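To start, the structure itself, in structure tokens.
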Amino acid sequence: MQWINAVVQGLLLGGLYALFATGLSLMFGVMRIVNLAHGDLAVVASFLALALISGTGLPLWVVIVVTVPLFAVLGYLTQRVLLQGSLSSGPLATLLVTFGLSIVLQNVLLEIFSADTRTLDGGAFATSSFQLAGSITVGWLPLVTFLLACAVLAGIQVFLSRTGLGRMLRASSDDRETANLVGADSRHVYGVATAIAFATVALAGLMFAMRSSFDPATGPSRLIFAFEAVVIGGLGSLWGTLLGGIVLGVTQSLGAQIDPAMTLLAGHLVFLAVLAFRPQGLLAGRTA
Amino acid sequence: MTLSNLLTERAAANVDVRRAARTSKLSGGALLAAVVLLAALPYVVFSDVTDTLVNLYVLVALASMWNLLAGFGGLVSVGQQAFVGIGAYSVIALADLGVQPYLAVPLAAVTCVVFAVPTSWLAFRLRGDYFAVGTWVIAEVYRLLVVRVDALGGASGKGLAGLSGLDPVLRGALTYWVALALTLATVGGCYLLLRGRVGLSLMAVRDEETAASAAGIDVTRAKRIVYLVSAAGCGAAGGVITVSSLSVNPDAIFNVQWSAYMIFIVVIGGIGFVEGPLLGAVVFFTLQQLLADYGAWYLVILGAVGIAVARWLPGGLWGLVRDRTGLSLFPVGYYVRSSGHAR
Amino acid sequence: MTLLSIRGLTVHHGLLRAVDGLSLEMERGEVLAIIGANGAGKSTLLRALAGLDAPTSGTVHLDGRDITRFPAHRRVSAGIALVPEGRRLFRSLTVEENLLTGAYRGRPGPWSLEAVYELFPWMPDRRRQNAAQLSGGEQQSVAIGRALLSNPDLLLIDELSLGLAPVIVRRIYGALRDIVAAGTTALIVEQDVSQAMRVADRVNCLLEGRSVLAGRPAELSAEQVERAYFGIRDGED
């Protein structure tokens, strides 16, 4: 029974990982940028929420509703101001710029908030749960997180396949020059992709902060979850990312059952196994 | 002889190909003098100076190894701390087995090469920027694996055996010389490697991989050699760090901070030049000393400067010097002069 | 009425002058064919007109507006659409999605999805297929349809016949007649000289980035064209 419980927990966690991974995957697909500061953005969002709550006394859900769109705007601006220029500065430049950003963010947070670990207080909601078919306990927070993640992923999928701008994002990731040729302004398209990436990672970060502690140095671990979910699931497919997230979540959960210290390592080992034997991912999307 | 041979000979006779410009020969002499001077330092200055210099030497060595990997091999790794850690723990383990720690440092380099072979096989399955994150994950895996081994101290780390009986001043001097030797080996090793066939292959691959492959260069083999050498160098550096601090802590030694240092030193100093890491390390070190009282702000400034340089000055500081003066202390290219014309 | 006016256009490819001080004009509703050997600068000219390559000097005016400094995406709004060499459809999009990308800028005009489907009757049945699965000729038609959906005043077509069987090429050029009849002006670059002469109102031959021969196909002899194409000067043979 414990094992089934573990699988269920892992499944729900997987949705969250998929949400983390979406932004990373989108930025890489459209702009060929791996944002090394991706995880740190989630942590920044968490600290921002913390500051807003203690500063204004607003309830958590209001803060979430405010922070996520704010991050979308930040993403758009970051792309237009910082990343766009480095795209033409050579292949290394964007990687180095995002790495620099990661270091800057981590250390600014360290200076402002100190190295103490925090959590976001989700109140009674965060700890309550219900029984499902016998001895399977499902927490409300993990369930809502999972449903929210799926809803967001579905929403992005609809955006990409049904709207003109979404279509252009996909076209840009296929062939940027020809996308320009049919009228797409790359800077705007990239800005939108980055905005979505920042917003989703902020949401994921906030949901994660309610169930797990964070401190200025936890950004890289979030990045690694996102990255592993993308590689396991396969590049180029949102549903692949969801699958990757779920596989990662379930693996970690099962690993934790064996030995709590094995949690992260189990996930890493599965990631390495996929890398070794099926590097294109479990659900390889369109061919490169 | 064939017509093509004849033409090639004629063309070659008109052209003078040299490895070093006159300035390089002068600077070579100056560098040699500098090395002798540095080697003599333990006799001349107090040990806190040499201890500080050990840190500088380690940074130069690490940065040179990262530069070799990224600037010449085209492999941007954010996970070299894996080998810094493996090297450090190798020295710890060997010292526990009775090996004299200073001798364990080069052995640590060998250990890293052994680990680097399967690691490279895995890491190379990722392309481009994903390779960078992959190396980071691999470093994490190594950390998590090492922490599970109680004999190596588990999560809290371990002290270094075998040096406690030594006179502190002598220990400081020996550590200093080993660190200096490390720097000379890594910088010198880079230079020699790049001057040879591997270097030529790498620069061809760096410029145009498909063409290089079509010309018969085994791209993967060249990259793997570079990866292994870089691992060895980082491992030796990890060993020197351990010998210097007399202990190892897994969170510190496997920390991505080392990659941050390496990357920023090379980016600011000049990526793709052997001189870059030297210049960058001096700049970084100065910054670190000047901002020592400001806590984490020095990393913020470092990061910001790194971003600015990556964005607007892709050749780094040395690239700037090179563009303005044509100076090359470690010439890895070729000078072609047509004889019969004054240049 | 002059639609396109190019004056002294020079475009560099690295150090090479691919287009060298070229001047030409186009009237509304005509079909101009640019011919010339490989490397004569034909594709570079189209790319510069579409805004993909920035000119070193010279001006381009469309319908009286100076569009020389416009980036590619603004030229679509201004009324220029390029069907690029090699078709360059979006691989992960379906046929219909590819067509719809052309309508991104929402320029008003006669061309809609329905109109394009009328022009190429085989297309509606394949609309949900992935564009990469189509044959070369079918992809070429989709690429043209995509360009048409931006309702351009000036349609640029680069090397339509490349890699296609002559029968298919003729069929697609047949559609060009209908396109021009609907009000679009067309500037085509064509390797196949006889095909170009058949379909164009005027022909312009480029050599090393310069125009060396211009005129109506009926007024140009085969020998004139051959000499211009290969750069054979009078007195040589």
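All chains are identified by letter, namely A, B and C, in their written order; residue positions are counted from 1 within each chain.
FYI, a contact is a pair of C-beta atoms (placed from the backbone, for glycine too) under 8 Å apart; a residue touches a chain by one contact, two chains touch by 3 or more.
These figures come from a predicted structure and were not determined experimentally.
*Asks:* Using mean Cα positions as chain centres, tell me which chain lies farthest from subunit A.
*Replies:* The most distant chain relative to subunit A turns out to be C.
*Asks:* Please list the single chain whose C-alpha centre lies closest to the global protein C-alpha centre.
*Replies:* A
*Asks:* Could you state the distance in Å from the CA-based centre of subunit A to that of subunit B?
*Replies:* The answer is 33 Å.
*Asks:* Rounded to the nearest whole Å, what is the centre-to-centre distance of subunit A and subunit C, using the mean of the C-alpha atoms as each centre?
*Replies:* So the centre of subunit A lies 44 Å away from the centre of subunit C.
*Asks:* Taking each chain's centre as the mean position of its Cα atoms, how many Å separate subunit B from subunit C?
*Replies:* 53
*Asks:* Could you check subunit A for residues that touch two or more other chains and list them?
*Replies:* Residue numbers touching two or more other chains: none in subunit A.
*Asks:* Can you list the subunit C residues touching subunit A in their complex?
*Replies:* 50-52, 71-73, 76-77, 81-82, 84, 88, 90-93, 97, 100-105, 146-147, 150
*Asks:* Subunit B touches which residues of subunit A in the complex?
*Replies:* That would be residues 28, 32-34, 36, 82, 85-86, 89-97, 99-104, 106-108, 110-111, 220, 223-224, 227-228, 231, 261, 264-265, 268-269, 271-272, 275-276, 279 of subunit A.
*Asks:* What does subunit A use to touch subunit C in their complex?
*Replies:* Those residues of subunit A that touch subunit C are 164, 167-168, 170-171, 173-175, 177-186, 236, 286.
*Asks:* Taking the touch rule as given, give the residues of subunit B at its contact with subunit A in the complex, in rising order.
*Replies:* For this pair, the touching residues of subunit B are 70, 76, 78, 122, 125-126, 128-130, 132-134, 136-138, 140-141, 144-145, 148, 256, 260, 263-264, 267, 271, 295-297, 299-300, 302-304, 306-307, 310-312, 314.
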